[in-house]
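After this come two complexes, each holding chain A, first together with chain B and then together with chain C.
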Partner chain A sequence: MKRFRVTQQEIVFVVFAVLFAAFSILLPGFLTADNMLTLLQNVAVLGILGLAMAIVVLGRGIDISLIAALAVPPGIVLQMVQNGHSLPASIVTALLFAVVFGLVNGWLIAVAEVPSLFATLATGIFVAGLGQAFLFQLDVVQWSPGMEGFQRLGQGAIFGVPTPIVMFAIACVAVAVFLRLTRWGAYTYAIGDNPNAARVTGLPVRPIIILQYVLATLIGSFAGFVMAASINSMPTRIFNSTLIYDVILVVVLGGIGLSGGRGGVLNVIIGTLLIGTMLNGMTILDIPYAGQNLIKGVVLLLAVITDSFLNPRNEETAQQGDI
Partner chain B sequence: MSDDIVLSLTKATKLYAGVAAIDGIDFELRRGEIHALVGENGAGKSTLTKVMAGVVTLTSGAMAVDGVVVSPKSPLEARNLGIAMVFQENSLVPTMTVAQNLFLGQEHFYNRLRGIYIAAQQFLQSLNFDVTPTTTVGALGAAKKQMVEIARAVLHKAKVIIFDEPTATLTPEEKKYFFDLVRDLKRRGVSIVFISHALEEALALADRITVLRDAKKVVTDDAVNFDRARIVQAMVGRDLSNTLYGVRKASVRKAGDRVLVVQNLKMAPMVKNNSLSIFAGQITGVFGLVGAGRTETFKIVSGVLKRDFFFGGEIFLRNKPARFRVPALAVQSGVAYVTEDRKVEGFFETASIARNIYLGLLSKFPRGRALLSRREANTVGSNWIKALNVRAISDEARVVELSGGNQQKVVIAKSLVQEPDLIIFDEPTRGVDVGAIVEIHDLINRLADEGKAVVVISSYLPEIMALSDRILVSRQGKVVEEFSALEATEEKIMYAAIH
Partner chain C sequence: MKRMTTMALLALGMLSTAAPALAQQGLDEPFQKPFKEALAGKTVAYVPVAMNFDLTEGWYAGLKKELEPYGVKFELRDPNWNTNNGAQAVTSLISEKPAVIVVHNPDVQTYAKLLQRAENEGIYVIQINMGSAYRSSGFVGANWIEIGEKDAEAVVKACEGKSNKIAIVQGALSAAASAYTLKGVENVLAKHPEIKVVSSQAADWDAAKAKAITQTVLKQNPDLCGIIGFWDGMDIGTAAAVKEAGLTGKVFVATSGGGESKGACAQVKAGAFDLDMSYDVPTQAAQMGALIKYLISSGVKPGSVKGSSYTTLIPVTKDNAGSDTACWNLGDLKK
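Entry: the complex of A and B
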């Protein structure tokens, strides 16, 4: 049964290579060292968010509240330090907040059995609103003197590599280890592949789903820490942006099937590279914001359609044995 | 008049993945007759009616309505030909009123509710149906819902109305009313086909009866020429050359310890006060027709069924009360359930064979190591693949690429790797090729010889007869009869299973 089949990640990688080559030749100022650095730095945060999203999508879920997880815990750190608390205490508080946030998401989806799309939509809006209404004094939470040392998470370079990229690499390795080498990673794939079979086999389905959302929220917050450190502030209005669509774009485009169980860290990296190149090229081309959205919309649509062709859900086909 | 054929099928054959659901069936329906279809589960009754109703298209053979050859490809096309089917599951919209349901799909552009209420009222009165057109369907009882379905069929000018188990959900009074309705339809010249497991009903109501067995037609005859014994005989009588299921058991295994006791188990609407015991070292066959509550009972035992309905009664596993909330707890206590529907809840299709089996092992020991061991996965995988003779290109082949029999072996291996001492096989050879059936039966016998408590749920009598040491017959939500394999005959079992 040897069949020739092009996987989505191969297609996307080729598209990326072609796009990259075209930009390099046609766009003056694209293939410069400076621009490459900007490109990678810009996509690092997107890539880390993509990893968080990948974990839940592999488990046949989706987490729309990731941007709230990105914005609010780092905002808490900055605000608490501004208010005179120590940096370690603030970080611990923010992480606890993120864990509770993830637990609530997981509980809603695994135990209350609310569809993940709606559960995370609601919790995301709630947490973002909570932050803006009660936790933060300004929309942009500013850097304060007590934050010394924190910026090393997002600025400068380690062994000559810009820090955000190193952070993305660390996140990649951690998520890859979780997914490929631990039993919980294996469970995540199994649940995404066939949740009923996972249950009947005796896998701890509910605890694993909760774990997925806690991890996603923590990784999302990590992306926020990197972002806050690199720009020395936390613009909490980012929740109102279209960033979450870029994250979904990365995951789906990279070839992680929305039907669960298919894909891995490599797909996130490929998706991030393509989206990063595309966004960067469009910015250099000076395409207006509306035009960029138009292009992103078309690409996302194409990716989702390709996904449903390559990875069809087959609950329907399973029904045919009825005589 | 008697040769006025409304609908006929000639050499009708439908294959599902090479397996015949109906095989060369000739069927004729006269105008204004009531025709009963009887047969075991899987005999092909449902498929036959679905062909008539346009739900299923024939692989080969022909269908004719009023002598004109037709091949309806959808229920809508069949309805336009005058054939309507009333399904077991209601096909009404529960939140809409009776009138809205009657005219569903036929509304005018400007859908005046008052207009359809008046039309529905007149129409229902002309049929003598006592249903108020303005009530919502969800508020009606089963019998009235059925009336609405029938009314809709008549409204669509159906010449042929097909019922799948029409009386299964009705109370005795409602049944009587239903029979009157059907006779009234007959007087109007409508032909009725109905599937029934209740033989008395078929004998009382039908003009003619067709018996199906193993996808083939056994006999069609006037109902007056039948009695209960003749129908049962026709349903189960198999050719003796059928050696696939081996010869009858000469001896049975002795019962070991009592492993499982179920007392007065209740779960609406499928399980009613069910009580039974399962012993180690033997195979207990559980036979029953669809809807007898067999699968549900054992899904409760193994924690697979979610607690959606009222639940009562007690379960004891090795004399200790056991009520598993989730299958994980059952697995850790040594109870394995091998599902009847492997595609929906059996295997992980994108994962390899070895990974599938390894996942079974991992869930048996939840406190085991956190990191996966590639070596352990490979050895466990290849050992079981060898032990159960799974035929695949490699251990890394994906399960979805295997044949039905090999998929089933993987699902079984995934449970056996958990070393259960109570193993429940639900329809273990459904959709499995002939060679694999023999292998799976050998395996089940070996497990019992090793002293495990084995339960085999099957709707297929020869399978029950070939495997069981002890046979439980389930009917309407509880075990009603118990046989030793030595005293049981197919007729006795079937007699107990149908009401």
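Entry: the complex of A and C
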């Protein structure tokens, strides 16, 4: 018997559409080209982080250390330039740092077989602590002369579109190409769906998992570069914030199951749009911070409840690791 | 105090009669020895909300400079933004009994009872910049209400003859510094009913959030004439949004901070901020140092005297941002 089923992705899309329509009708100044660009610009960094997280989650992992990857490599660039190094040398150092960070994460998870949650929790704290203790003079690493040109990653516009949106778009295309058009992308889905079957089939499971974490760390650092360029500084204290929950939220809300193997770039975009619309509308309405959190919570609860109402869990649909 | 003055007068009197006879010999100053003895070997503990940012690093470096030459042991407990860790640090300090605890409160309530207990146990408590509900022996810090008033006055003035629309970018809602500053802003706005606040939101001391909020507000109100921000470290983001909208110079940005050169003067020079009310961290550190020396050498019972030393603010604007004295440099202070 065929039953009509709505996926979480569609539910979130409907919530987004309803919210968007309501704001468009009720809020003068919401549905303007300018405001739409601002909306997207404000969530671009979150979206890029969502893409990084998506790659790992699709492979049935999770990367809690993503905010350290966001904060520390751009911090290294700013600090090195402040100390008198050249910009290209600083960027190369930061990228190398990110690659090593990703390799360590991947090795811990793929080879040492530490659960990804614990491995990345630990490495994230370690890297953030390393930055705070040895790398940076201050929590907020300030812009200094010698950084000229770098701000173009996050400020200004390309063909009238604010740069952070363009960066998000580039990241979306790159990740989509990786997931849909390359062999490693296909392997990622296979491993996420059933790691044991993938191994038995002869897929290079360990190298692929390591690749996922290196990519996630690099994309996370890229988000950090865009952020640092956009606000002319790197507040490395952001590691202590709740940003990582927002990233997981974007991914899960968009419909990428934490059990791996399901979803894609489109899901991240939808999740990002929903968060962006809520934030933008509430800022225009000048809703106080506490109220904003309340509303965010209610909308998310609604999405989750509707999902479990329409798609009840049972032994057949529930997967290991499902939350 | 009175006794000290009498003694000083007495000493002076002795000096004037004895001096001619002893003109060729040195004269012992009678108060420096007890002062040195009182300070030597004492412990001063410092509990900021976190290290690694200009304010707390500046206070640390300044206090160290003031105290260590006198043989005072200067200890640091860094709770790294964690209020629980901070409360634990204060609790364990109470049993370790240092002579003085210098504390930077995360909010008004958390440490209040603990600080009272510390003073009852014979430890002087000095609060820096963010006070608690308990008034201790000494408070050194910015008057947030005054900062809010000064910033608001500047913005109101800049708005004369313009749209009169302003935005406020607050810090974290739970922080007293943010709430007090807001009160100061309200005080001024109450006198200027023509000013319309189009947005008043908390950005959680976060530059990225401040930028996002400001961008949205500027798109809705491109004729905005001023923004009052609550911390220069966060308002880097506010200023970036103004700059991207091409409104630098048209939107007056007023903020406040510790006056570190990269965060304050350099930003004012670059046109990011039009006014940065600085509470000059090295001066605050020096005043704390003076208070600590005074309290320890006086020997008064902790908690029996209670006083404040509000910081005289330095308004950093285009006029003085280039001078050597308006701002300070953390690297130099640490040397």
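Basically, the second predicted complex is superposed on the first by the 268 of 323 C-alpha atoms of A that agree within 3 Å, B and C clash if a C-alpha of one lies under 4 Å from a C-alpha of the other, contacts with A are read in each partner's own complex, and residues count from 1 in each chain.
Basically, a contact is a pair of C-beta atoms (placed from the backbone, for glycine too) under 8 Å apart; a residue touches a chain by one contact, two chains touch by 3 or more.
Nothing here was measured: the structure is a model prediction, and the numbers come from that model.
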First (chain B), second (chain C), both or neither touched by A:P204: first
Partner chain(s) touched by A:D34 [first = chain B, second = chain C, both, neither]: second
Touched partner set for A:G156, first chain B, second chain C, both or neither: second
Touching partner for A:R262 - first (chain B), second (chain C), both, neither: first
First, second, both or neither for A:A290, with chain B first and chain C second: second
Touched partner set for A:A186, first chain B, second chain C, both or neither: first
Touching partner for A:N196 - first (chain B), second (chain C), both, neither: first
Complex contacts: residues of chain C adjacent to chain A: 50, 52-54, 57, 80-81, 173, 198-202, 204, 206-208, 211-213, 215-217, 219-220, 233, 236-237, 240, 243-244, 262-263, 266, 330-331
Chain C-touching residues of chain A, taken from the complex the two chains share: 29, 32, 34-35, 38-39, 41-42, 45, 132, 136-140, 142, 144, 155-156, 162, 227, 230-233, 235, 237-238, 240-241, 279-280, 283-284, 286, 288-290
Touching residues (chain side chain A, partner chain B) in the complex: 1, 180-187, 189-190, 193-194, 196-206, 261-262, 314-315, 317-318, 320-323
Residues of chain B touching chain A in the complex: 16-17, 21, 42, 44, 46-47, 304, 326-328, 330-332, 337, 339, 341, 343-351, 355, 358-360, 362-364, 366, 368-372, 393, 401, 414-415, 418, 430-431
